[in-house]
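What follows is one structure encoded as C-alpha cells, with my remarks underneath.
Note that the chains take the letters A, B, C, D and E in the order they are written out, and that residue 1 is the start of every chain.
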Amino acid sequence: MANVSIIPSGDFKTSYGTDTTIFPTVTSRNFAILGVVLLLACPAFMDRYWLSLLIQIGYLGIAALGLNILVGFTGQISIGHSAFFGFGAFASAWLNNRWGVPVFLAIPLAGVLTTGVGLIFGMPAARLKGLYLAIATLAAQYILQDFFARADWFTGGTNGTIAEPLTIFGFAFDTDERYFYVVLVAMVVMYILGTNLMRTRDGRALVAVRDHYLSAEIMGINLTKYRTMSFGISAFYAGIGGALYAHYLQFVSVEGFTIVFSIQFLGMIIIGGLGSIMGTLMGTAFMVLLPELMQAASKLVSGTAIDTALNLKDNIAFLREMSVGLVIILFLVFEPDGLAHRWKQIKAYWKLYPFSH
Amino acid sequence: MFEARGVNLRFGGVQALTDVSFGIRKGELFSIIGPNGAGKTSMVNCISGRYKPTDGKVFFKGADVTAMTPNHRAALGIGRTFQNLALFGHMTVLDNIMVGRHHLLKNNFLTGSLYWLTGARKEELAHRREVEEIIDFLEIQHVRKATAGTLSYGLRKRVELARAIALKPDLILLDEPMAGMNLEEKEDMARYIVDLNEEFGMTVVMIEHDMGVVMDISHRVMVLEFGKKIAEGMPEEVLANPRVRRAYLGEDDEDGEAPSAHTAQQKEVA
Amino acid sequence: DIPVGHLADQSGGTSDVGVPYAQGVSDALAYINSKGGVNGVKLAVDSVDYGYQAPRAISQYKKWSSGSDKIAALQGWGTADTEALTAFVGKDEIPAYSGSYSGHLTDPTGKGTHGSKPAPYNFFYGPSYSDSLRGMLTWAAEDWKKKGGSGKPKYVHMGANHPYPNAPKDAGEQLAKELGFDVLPAVQFALTPGDYTAQCLTLKESGVNYAYLGNTAGSNISVLKACQTVGAKVQFMGNVWGMDENAAKAAGAAADGVVFPLRTAVTWAGSAPGMAMMKEISKISDAAGTAYRPVHYMAGVCTAFYMKEAMDWAAKNGGVTGPNIRKAMYQKKDWVPAGLEGVCIPSTWTDTDHRGMTAVNIYRASVAADTGASVADLVKSGAIKLEKISTVDVPRKPEWLGW
Amino acid sequence: MLSVNNIEVVYNDVILVLRGLSLEVPEGEIVALLGANGAGKSTTLKAISGLLKTEDGEVTRGDITFAGERINGIDPDKIVRKGIFQVMEGRRIISDMTCQENLRLGAFTRRDNGVKDDLEMVYQYFPRLKERTGLAGYLSGGEQQMLAIGRAMMARPKLILMDEPSMGLSPLMVKEVFSIIQQINKDLGVTILLVEQNARMALQAATRGYIMENGKVVLDGTAEELRNNEDVKEFYLGGGNEERKSFKNLKSFKRRKRWI
Amino acid sequence: MTLLFQLLVNGLIVGALYGVVAMSFVLIYKASRIVNFAQGEFLLIGAWTCWWLLTSWQLPFWIGFPITLVFMLIFGVVLQVVVLRPMIGEPIISVIMVTIGLSIVFQAAMKWMFGVFAKPFPQIFASPTLDVFGLQVQTVYVVSLGISILIMAGFGWFFKYSRLGLAMRATAFDQQVAQSLGISVRQMFAMSWAISAMVSAVAGVTVGVVNGVSSALSFFGIKVFPAVILGGLDSIIGAVIGGLIVGVLENMAHYVDSQWLNWGNMYEIAPFYVLIAILMVKPYGLFGTKDIERV
C-alpha cells in the first residue's frame, strides 16, 4: 500500500526513485523519446517552410518556458518578456561581434547576461505583487526597448546588428536543415533542466510562493529571493531563446521586440496551460501554427465562389486576423485551463475507460 | 525555550496585544485560550514572525529574534499551522509537505536542474523517505498525490500539520488544529499532538477552543482576553479562575458546579 | 509558371500605406499576366499579408525559397522584414523588391563607407530615404534664401526612434550642417497617433524653421494637427510614406504646405503617356475605373514593372532565375518600363550601386479647410492638391553609397 | 420544504462525491447534518445552493426540490432569491470591505425597508461587530464567523444552510451562536439545515438529524433518537455509557466506526 | 517659463483624457479583476461609430454622440453576454487572454469595416480651439474634461454608497461569495462592461475629433496602463489622478529633455521610470487598496 500512487493506475511504483521520474509512466517516456527521434529525422523529409516553423517553435518554446516559470509557476505576470528575448538576441550577437566569443559559447553567455538584466528588473518583485508587478514589467519592456534603440555600441542602434551563424569546428549551422538540430538539442536540454528544476527544492519553493506566499515564508522560504530569482530564471530562458533566434535569422533589429510580441508570449503559456511544462510547448506550437493555418485557409477561400459572393477580395486579410482572434477566444471559452489540462483529461479518460466516473 | 517580554501589538486603532509576557519551557505542551478576538492568533504570529511586536521582545532558544524574518525563524526551528487554511492549493499533498523540508534541503536552482549530476536526486529521495514517514504517521497515504486544494477541510488540516512537522521544528505552533472536526477526528488529532510532544520531543504551542482537549492534553495554559494575559498556569488552576470562566466559558459565578470542561459544553442552550 | 512571392502589410501597423502599395503591386502583376505574362509564361504570384510581423515574413519566405517552386523574385515591404531577409535573399539569390528605402540597402557590395553590409539582391524603386531628405534639405536651403530669411535656418529631425524614421537621420543632419542649417537635437514622437502638443510647443519655442517628419502618415497627422493648434509655424518635410492624399484629407488644413518627395512623375490626377496604362491596371481591382489611387499605389505599380522588365530580359538570356533577374536590372540606364513613360521616373541600377534614382521630386500639399468629402472628390474639386515645386538632383556621391 | 432525492454529485467530471443522498428538511425545523471530514456535507449544501457550479461540480442524478419546485441546475443567485441562503464554510467574508458593508450586502436581494432595523438587530446579537470599523479582513477568526452569520440574518431567507457555524468559536460564543440559531429559527421562522462537527450542540438545537458517511446518509432520525443511539454517542458525542475518555489516554489504539 | 507653464496646462488636459480611459479600465477591474486589453478597441469602436453617424448619416454631434454612448452601452452588454459570460468562474488570466483575443478581432473588424486610412471628423465646435491660460487647446478636450469630471464623481459615489456598487466590489473580491449572497455575477459583469465601454467611447470620440480616427487610436489602451497603476488599480479617483500625473509627467519630461538632456524620447519613457519609483514607495499605487495579509 505504501507506494501506490493514485495517478497512473495500473502502473505500480516500487521505489521513491521511480515515483519521481520526469515521465509518470514508462509508456509516456518512451513516447517522448520516440518523439525526439522522429524530430531528429525531420530535416530528411520536411521542406524549409516546415522546418522554419519547427525552429520557431523551438526557440520561442524555450523563451516561453521561462515565462511559464515566472507566470505559471511563480504567479508573477510579466508583460515584458520579449524585451528579455531581445536582450538575449543582442547580447549573443554582441559577444560574438565585439569580443569574438564563438557563437556556441555566446548563446549560453547571452543567457547569463540576460539573467542579470532579469534580476535587475525583477527587483520590484520584492515589493510589488499581481498587476502592479505586471505593469512594472511593462515598464521594463519600454525601458529596454528604448535602450535597444539607443545603445549603438551594443545593438547597433536602430540599424540593428548582424549575428554570425553558429559554427562548430568549422561546420556552419547556417541552413535550416542544420540549425534545426541546434534548436532541437537546446530545446530538449532546456526543457529537461526546467523539469528538473520544478521537481526539486527551488522549483517547489517557487510554486509555494505562488500558491500562498504568507505560509511559504513561514515554511522558511525567502520570498524576496525566490520572487527575484524567478525573474532571473525566466530571463535566462528568454535570453537563450533570443540568442538562438539571433543566430538563426543572422540579423537582429530593434523593431521586433515589442509589447505585442510580449503579449504573444503570454498567449502561448496561457493557451498551453499555466504551470505546465509540456503545455508550454503545445501552446507555443499553437500560437506559431495558428496564423499559418489561417493563412492557408484564407488562400483556399480566395478566388472561390465564397470570395466573390461575399466580395472579400483584399478583406480576406482582415477575416484571417479576425479568425486568429476568434480561435483564441473560442479556445479559451472551451478550454480555459489550456491545452495541458485537456491533454490530462484525455489521458485520465482513457485510463479509466470505460468507467469514467 | 521561548520567551515573550512585554509584547505589545497595535494595528492602527486596535490594540491586539497589551504587555504580554510569558515563557514556554522545552518539551512543554502549552495552550493559549481566550475569547474570539483576544489576540491569540496575533500572539502566535509574533512568535512565528508574521507580525513584529510594536513594543517588547521575543526570545527563542535564548536569542533575541524580535527582528528576525519568518523564514529565518523557520530555519531556527519554529514551525506552525494556520487558523484559516494556508496550504499550497495547487500542489500535491506530497509536494506541500516537501516544501516543509525547504530549509533542510541543500540543492538549489543550479544543482536541482542538473538533477542526476549533482546529487540533488539523492538528496530529494532521502527527504522523500522522511516525508513518507510523516505521511504514515498522520495516516494520509491515500491522498498523497491528490491536489491539496480539493481535499475536505479536515484532511487539509492534517496536511497542514504534516507540512509543519516536516520542518522538523523544535517549537511547533498549532492554531486551532481541531476546528471543524468531529469527536472521532479530534481524538485522532489529539493523539498526533501528544505523540509529537512526547515521542518526537517537540515543544507545542496550541490554540484551541475545545476545552476538553485543552484540559486533557496541555501541560500549561495561558488565557488572553482583550489582548491582555489574564491567567496562566496548570489547566485546572486556570479553569478554576472565575474570571476565565466568566469571560471565556460564559458561566455565571454563582453557578456552583465543579469546574469541568464538559459541563461547559453540556449546558442547556438558553 | 514563374513563382513570385509578395509580402504585404494589409492588416498590420503600416497598413495605411501598405494597402495601397500592395494593391498597386498586385494589380500590376495581375495585369502582366492578363497580357501574357513574362515572355509568354505566367507569373504565379503568392500574395501574403504578414501583418507587419517580421517572423511571419521570414517563415513565409522560407516556404517560398525551398522546394521545387522556389520563387524567382520577391516583392517585399517593411524595414524589419527586409533587413532580416537581406542575408537570406543574398544567399538564395532571390532579388527582393521592397517598400523599405533605407540607404544601406543601396550598397550591393558592402563597400560603403558607413558600415553597410552587402545587399546584392535588394532593390527598391524610388530615392532612398536619405537621398529624399538630402533633396528636401537642398530645397529648404534655397527656400530659406528665397524667402529672405535672416540668419541660420533651424532644422530638426523628427520621428520615432525606430529603424525606419532613423534611417536618414545622420545623413540628413550632416548635410543640413553643410548647407548652413542650425541643426537642433532631434525630436521624437511615437509611430502611433497621440497627443504631440508638447513636441509642437518646443518646436515653437525653439523657433524651428524646417522639420523632417520621419514617421508614417498616422502619427504625422497628429503632429501636424497639434502644431497647427498651438500655432507653431514650421515648414514640415514629410517622408515618402509620411504624406499622401489620405493623410492630407485626415489632417485637413493642418497638412497645408507640407512638402514631401513623390516617387512618380505625376499623381493620379496628373497626365502623362503612361497614365493610360496605369488606369488600365487600376481597373483590375476596380472595374468601374472610378477609384482614386494614392501615390503609393503608383509606386507599387512601378516597382512591379521594373521587376517584370528584368524578368523579360532574363527570360531571353538564360532563364528567369534570381541571378539573371539581378543581372537584368543592370542592363539599361535611365530606363522606364515600357508603357509607363511619364509616370515612373527613369532609374539606373549597377552592380556596385543600387541607388536606382537620385532625382527627388518635391511636392507640396495644399489643402483647403474642409475635407469632409471623399479623396476622389477632394482632388477633383481641388480641395486637396499635390503641386510639384522642385526637382533636386542629389549627387551620386560615392561616400553616400549605403548611407 | 426542502427535499433532496437520491442525488449524485461529480466534481471535474470524474470525482464522484455524493452517491445517492436523500434528505428532508421540513418547514420551520432545524435539521442537523453530521458526518466525518470529507463525507460530503459541504458538497451537499453546495448542491442545494447551486454553488457547486462554481467549483466544477455537477449534480448528475436525482433532484432537489424547494417548496415544491425543482431547483437543481439553477444559478446560485436565483436560488438565493428563492429564499435559500448559505453560510459558507470558512466564513468567506469580503475582507476588503467593512463589517457594515458586508452586512448590507447580505441584504442585497431584499427590497424592503427593514434593512436598517435588521442591521441594528445584528449588532444587538453581535455587539463586537459594531465596534470594529476597519476592514473585515482584519477581524479575528471568531469575529469573522459572527459576521458571516449576521450576513445570513440580513438576508431574511426562508432557509439557511449553515456550514459549521461554530467552527473556531470560543465556548461562550458557541453557546451564543447556537442560541441565536434557535432564535432565528423561532423568532424569524427560518428553517435551518445545519452542518456541524459539534454534534452535541447540533443535536440539542435540532429537531432531526442525518449522519452521512462517504457520500451517503447512513443514519437518520429525530434528534432525540440520535442522541440516544449508542454509536452516535460513542463516535459523535463522546462517552457512551461509561465516562468520557480523556483525550490523553486515547494514545495507542484507534477506533473507527464505519457505518456501512 | 511660458513654455513650461503651457506644457503644464497641456499635461493636465491630456492627463484628464488618460484619466477617463484609466477610469474605464478600473471599472471593469473593480467588478471582475479583469484587465481589459481590448479597452483601446473600445475607444476605437466608439470613435468609429460616432464618426459614421456624423458622416454617413449627417447627424449633428449633439445627437450622434448620445446615440454613440447608447450604442456602446448595448455593445458592452452584448459583448459580455456572448463572449465573457461563459468565462465566469474561469481563471482570471484566461479571461485576460480572451480580451487580448477580442482586441485582435476588433482591430481587424474595424479595419475591415472602416478601412485602414485615418479619417477626420467633421468640424463640431464653432471654434475648434479655445484659449486656456494662453495655450491654444482643442475645444473638444475641454468638453471631454467636463464630461469626465461628471462621470468620475458619479462613480465615486456609486461604488462607495450604492447597493449595486457594493455588489460589484463583492463580485470582484470573490465571485463564489457574491453568488452566495444572491448577487448575479453575470449582471454585475454586464453592467461593468457596458459602463466601461461607454466611458471609453467618450475618450475615443475626443481623440478622434482631435487626430482623426484610425486603427492606431487603440494604442491609447496600453498607453494608460501607467496611469491606472499609478493611481491604484481599484480606485476611480486614483485613475483620474494617475492620468493627470502621467499627462503632466510626459510634458515635464519633454521639457527637461528638450531643454537639457536631448535624449529624445523621455516623453514616452519617463513616466515608466517614475512609475517604478512610485511603486517602490507605494506598492499599491497612490490610492489602491492593500491586499490583506492575515493568516
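The rule is simple: a contact is a pair of C-beta atoms (placed from the backbone, for glycine too) under 8 Å apart; a residue touches a chain by one contact, two chains touch by 3 or more.
This structure is a prediction, so every number in the text was calculated from the model and none was measured.
Novice: Centre to centre, using CA atoms, which chain is the farthest one from subunit A?
Specialist: Looking at centroid distances, D is the chain farthest away.
Novice: Centre to centre, using CA atoms, which chain is the farthest one from subunit E?
Specialist: B
Novice: Quick one: subunit C and subunit D, Cα centre-to-centre, how many Å?
Specialist: One centre to the other, that is 74 Å.
Novice: Please work out the Cα centroid separation of subunit A and subunit B, and write it as a whole number of Å.
Specialist: Averaging C-alpha atoms per chain gives centres 42 Å apart.
Novice: Taking each chain's centre as its mean C-alpha position, how far apart are subunit A and subunit E in Å?
Specialist: Whole-Å distance between the two chain centres: 31.
Novice: Return the distance between the CA-based centres of subunit B and subunit D, expressed in whole Å.
Specialist: Here the centre of subunit D sits 26 Å away from the centre of subunit B.
Novice: Give me the residues of subunit D that touch two or more other chains.
Specialist: Residues 138 of subunit D each touch two or more of the other chains.
Novice: Would you mind listing the residues of subunit B that make contact with two or more other chains?
Specialist: Those would be 41, 50, 82-84, 86.
Novice: So which bits of subunit A are touching at least two other chains?
Specialist: 146, 150, 214-215, 218, 318, 320-321 - these are the residues of subunit A that touch more than one other chain.
Novice: Over in the complex, which subunit B residues touch subunit D? Could you list them?
Specialist: 11-14, 33-39, 41, 83-85, 150-155, 176, 179-188, 190-191, 194-195, 209, 211-213, 216-217, 247-250, 262, 264-270
Novice: Flag every residue of subunit E that touches subunit D in the complex, lowest number first.
Specialist: 89, 163, 166-167, 169-170, 173-185, 289, 292, 294
Novice: Which of the residues in subunit A end up touching subunit B in this complex?
Specialist: Going through subunit A, the ones touching subunit B are 1-2, 5-7, 16-17, 19-20, 193-194, 196-197, 199-205, 207-208, 210-212, 214-223, 229, 233, 275.
Novice: Would you pull the subunit E residues touching subunit A in the complex into a rising list?
Specialist: Interface residues on subunit E, with respect to subunit A: 35, 37, 83, 86-87, 90-91, 93-95, 97-98, 100-109, 111-112, 222, 225-226, 228-229, 233, 263-265, 268-269, 272-273, 275-276, 279-280, 283-285, 288, 291, 293, 295.
Novice: Can you name the residues of subunit D that touch subunit E in the complex?
Specialist: 49-51, 53-55, 75-78, 80-81, 85-86, 88, 92-97, 101, 104-106, 108-109, 135, 137-138, 151, 155
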